[in-house]
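For reference, the structures are reproduced in the following blocks.
Below are two complexes that have chain A in common, paired first with chain B and then with chain C.
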Partner chain A sequence: MKSRVVSLLAPGVGLLVVFVVLPLLWVVRASFNRAVDGAYMVSAFTFENYVRFLGSPWYLVNTLWFSVRIAIVATVVAVLLGYPVALYIARTRGLQKSVLMTMVLSPLLIGLVTLVYGWIVIFRGGGLLNSLMIAMHVYDEPIRYMWDLKGVVILLVYIGMPYIVLSLLDSIERINPALVEAARNVGASPWKAFWKVTFPLTMPGLHAGLVIVFSLNFAAFAIPLMVGANDTQMIGLVIYREALLNNDLPFASALSVIMVAANALILTGMGFVFGKLILKRLEATR
Partner chain B sequence: MMRNDFGTWGLRLFTYLAMTFLFFPIFITLLVSVNPSEFILPPTGFTLEWFRAAWTSDTFVRAMGVSLLLGLTATIVANGIALLTVLAFVRYDFPGKASINLLVMSPLLIPTTIFSLALYVFFARIGFGAGVLPLVIGHTLHVLPFAVRILMASMQNFDLSLEEAARNVGAGPFRTLRSITLPVIRTGLVSSLVLCFVLSWNDFPISVFLAPPGWLPLPVELFSYIKFQYDAVGAALASSLIIISALAIVIIDRTSGLRQVVQR
Partner chain C sequence: MSIAPDLAIRVDGLFKQYGRMTAVNDVSFDVGQGEFVSLLGPSGCGKTTTLRMIAGFIMPSGGAIHVNGREVTHLPPEKRDVGFVFQNYALWPHMTVAENVAFGLKLRKRSKSFVRQKIEESLAITGLSGYEARLPRQLSGGQQQRVALARALALEPQLLLMDEPLSNLDRALRVTMRRELKQLQSRLNMTTLYVTHDQEEALSMSDRVVIMSGGEIARVARPFEIYEDPQSEFVADFVGTTNFFDGTVLEAEGETGKVRVGPSLQLWIDGDTPMARGSAVRVSLRPERVEVLKERAAGRNVFPASVVFIEYFGPTIRYTVETAAGERLQAEAHNISRPISIGAPVWIRIDPGHFRLIDRKGR
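Then we have the complex of A and B:
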């Protein structure tokens, strides 16, 4: 039996260890190496890649803090859009529900480039939105949406929203309708019933959604690459550029380590806040 | 709860607006791709001229070949590996099951940026960097967790004694797999194959890191096209991708349910 298990697991585990685990460990090791022009890298043990990033106010402000800010803004907007949608979908049944679910989830399977194309048609200089706004005299000069920070945020919200809806829906559907009914029966207004009963019970789903979407946004590189400008230096994009365009693999590796560490730190903080919030609610209702 | 009160109407309106936001770019792309007068909306007629141009362009036809080959290879390899892994998981109990499950799911948990960079740096060590092999491996590992999850779900209700019975009457392991196991998980397998293929076919982030020049998959080629050229041929190609994805979405929804398979 043991040999059976081993032979069934060997291909998968082997492939993952060789091409995921080892490369990740190698990235950590490579972050202490030194880059050389036109070649792979020189084996070393230096902190200069970390110092170059963490010791530079420019990188800290324009890359690290910038990525955190953009990720937060895009995540919050995705929640504001996704929360009501999740609430509504949870109330629907049958065909309507499956149509809405399919619509919400399709962007996850339709490729990024395809979606970006549609947004470019709408948002580019002489695009639909600008033509419409100028024709209606809302403003006179075309506004730059694409190849700009605005485009990056719009696309991040667009890709993040389905995950928010999905996570929230999981916890909304788990709520016992009798609880809301009971609140209404003792005279709570719909708004109050929502705020006191439904909302606290969606905290776990909200937390799960925030974790996924914040991490995706924080590490994003394809969206800033496609619709960003020269000054939208999100950390994922800097990693991509350093590795592929500048061939500075040690610096790209160090940035990856910093990115994962910063993400872990932020998620830990978020987990702490959510733990506190949920605990407080529990104590208040006791 | 289900009363059509004011709140429900507000939510409904909001949801429909949000759906418009989600679908507007897709709708516009489809519209532009069949409109004879480039980018002048509303459309002045109907034409398949842009589609013809897109599907006969040497660059795009070549990129389609690359994407097709890449998608099929990654799908078949990933599903083969996933099937073996899932068989081990449902048939046996062994120490370290949870850690191995985490390992198998890891490509989903690691940001794509880091996953691709790690493969790039690793293969650069051997002298490749970007290349066909890293590209295929990247796609295979990217879709593997999805295949494992779907196949695992479709085997969860599988009666193991059926396999045992087949073995008892003298069927070998391959015969058992072919005549007992595969028919039971057929729906799951179809769903998994379609999902893996469409994820690979549409992937941009991994390909842009790992694809070598001359081996650019369709999304990467489309991206470099719309970056420098802005015409309805791009829209026709994007529309083709939308139509293929829509077909896949329908098949996946019918077989496994979309919601179960896209979760992170």
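Then we have the complex of A and C:
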């Protein structure tokens, strides 16, 4: 029995080790190396890459803190927009539900790059949206929708929402309708019943959604690359530039380690807060 | 229309339609103050829909509901002031026992000391003192059911509605909880409307039973009347086991008649209405009213038969017996005499007074 479990686990664990753990270890090791002009990199054990990052207000504020802020804003907006959608879909059945689910999931069904190019066609200066709005005399001058911070956030929200909706939907549909009826029965208005019963019980789903979407947003690379501007230096983009354009693999590695560590720290903090608030109660055992 | 103030619930011509399907069809009944009334019926008979309409979880398609003289037909559930105990308990899993009980009181903005005192009181009467800080999932099914009851009682509702509250418990616990529930209800004089599909529960706990079938009321009566004089084939069949006989009256002596019920069987039946010669009658006879004897005895309705099937229940044994001409009936005997084996010849005796006329009109 035990050997069968091990043999079933082996392929998955093997893949993880080869394609995630080993590369990560390699990145950690590379982050202590030294970059040399014209060479690949020199094996060393130096903290200079970390010092360069942590000692620079520009990197700390304009890259790390900037990425955290953008990730938080895009995640919060995705939750605010996604929560009502999840509540609504949870009430539907049959064909209506299938149609709505397909609509929500469609961003995940199209490759990210294809999707962003589609957005560009619609939202760029002379794009579909502006032409339409001007033709309909909604406004006269083309409005700038992308190649700035706003565009990056809009797209991050768009990509993040399906994950939020899916994980919330799972939580909402697990709630026994009698729990809400019981709240109404003892005197709660529909609104009170939502805040005191439904909302707390969707915390596991909200937490799962936040973990996924925050991580995706924090490490975003393709979206800031394709619709960003010079002032949208998110950390994923900076890592890409250091590694592939500046050929500074050790510094790019150090940035990666810092990104992973910062993300882990934030997710741990989030897990702690959620655990304290509610998850511990929901997971309590006899 | 003025409503008698001593009625806790009055349901008038209640309807509920789902599309073309009628779940509740012209249901009217009432419940007096302090009374324990059961809604009994097979699944899909509309009993739970009726209860949920009284609680306000479902809006009726027609009819009126009054609670303590106040019309509540279209009020939302939070405006009705009725307690409700759910089949699956419906305790809020993220709240402790104390928080579950306190929730309704806090919504009413009661003082902290009042809330604390109410928690203590309602947990004490349901035998849950000391469990305040537990979470629902840390309790057994029976304990969860008590919390659900404590939560309802803490608000001192005018009326308690219960939707099969014991059906998720195992049998031994169900019987214990049934007794406790009934004793508590009597002690608090709490008006209760109780939905169940378990006839034992309905008969043992209720002052009156409302039997429903196919969305309609089949009978409203006290438990012993329901069992002893079912009046309709559905009630006789649904509550307990019974023998049905159809026949023609051969001789009539006032309210007693000799009725031919089969090729060989002629039974003396004591109805409570005058019998007319030549008229058709339908009667029900409870199996425990049939005597199975080893020897011929004196009296009316004594005839020979043989045992063809035996069901051993423990305290009682049910015999299916057959006459030489092939008429069958069921007899249930206490498990005190020496058992009779299949194929054994027996004598059957039935007191004419034990038959009950079925499908009588104008009663």
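Everything that follows uses one rule, which is that the second predicted complex is superposed on the first by the 242 of 286 C-alpha atoms of A that agree within 3 Å, B and C clash if a C-alpha of one lies under 4 Å from a C-alpha of the other, contacts with A are read in each partner's own complex, and residues count from 1 in each chain.
By definition in this document, a contact is a pair of C-beta atoms (placed from the backbone, for glycine too) under 8 Å apart; a residue touches a chain by one contact, two chains touch by 3 or more.
This one's a predicted model, so the numbers in the text were calculated from it and none came from an experiment.
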More residues of chain A are touched by which partner: chain B or chain C?
B
Of the partners chain B and chain C, which touch A:Ala35 in the superposed model: first, second, both, neither?
neither
Quick check for you: in the superposed arrangement, does A:Ile172 touch first (chain B), second (chain C), both or neither?
neither
Is A:Val77 contacted by the first partner chain B, the second partner chain C, both or neither?
neither
By the touch definition at the top of the document, which applies to A:Lys192: first (chain B), second (chain C), both, or neither?
second
Quick check on the superposed pair: does A:Arg281 touch chain B, chain C, both, or neither? Answer first, second, both or neither.
second
Going by the contact rule set out at the top, does A:Leu22 touch chain B (first), chain C (second), both, or neither?
first
So, does A:Pro200 touch the first partner chain B, the second partner chain C, both, or neither?
second
Taking the superposition on A as described, I'd like to know which of chain B and chain C A:Leu210 touches: first, second, both or neither.
neither
Which holds for A:Glu181: it touches chain B only (first), chain C only (second), both, or neither?
both
Determine where on chain A the residues touched by chain B overlap those touched by chain C, and list them.
181, 190
Listed in rising order, the residues of chain A that touch chain C in the complex are 176, 178-179, 181-190, 192, 196-197, 200-201, 278, 281-282, 284-286
Residues of chain A touching chain B in their complex?
1-2, 4-5, 8-9, 11-13, 15-17, 19-24, 26-27, 30, 40, 81-82, 84-85, 87-89, 91, 98, 100-122, 124, 128, 158, 161-163, 166, 177, 180-181, 190-191, 194, 212, 215-216, 219-222, 225-226, 236, 239-240, 243-244, 249, 252-253, 256, 259-260, 263
Sort out for me which residues of chain B touch chain A in the complex.
1-2, 5, 7-8, 10-12, 14-15, 18-19, 21-29, 32, 39, 41, 80-82, 84-85, 87-88, 91-92, 94, 100, 103-104, 106-107, 110-115, 117-122, 124-125, 130, 137, 140-141, 144, 148, 195, 198-199, 201-205, 208-209, 219-220, 222-223, 226, 230, 234-235, 238, 241-242, 245-246, 248-249, 252-253, 258-259, 262-264
Which of the residues in chain C end up touching chain A in this complex?
55-57, 76-78, 82-84, 86, 88, 90-95, 103-104, 107-108, 135, 137-138, 151-152, 155
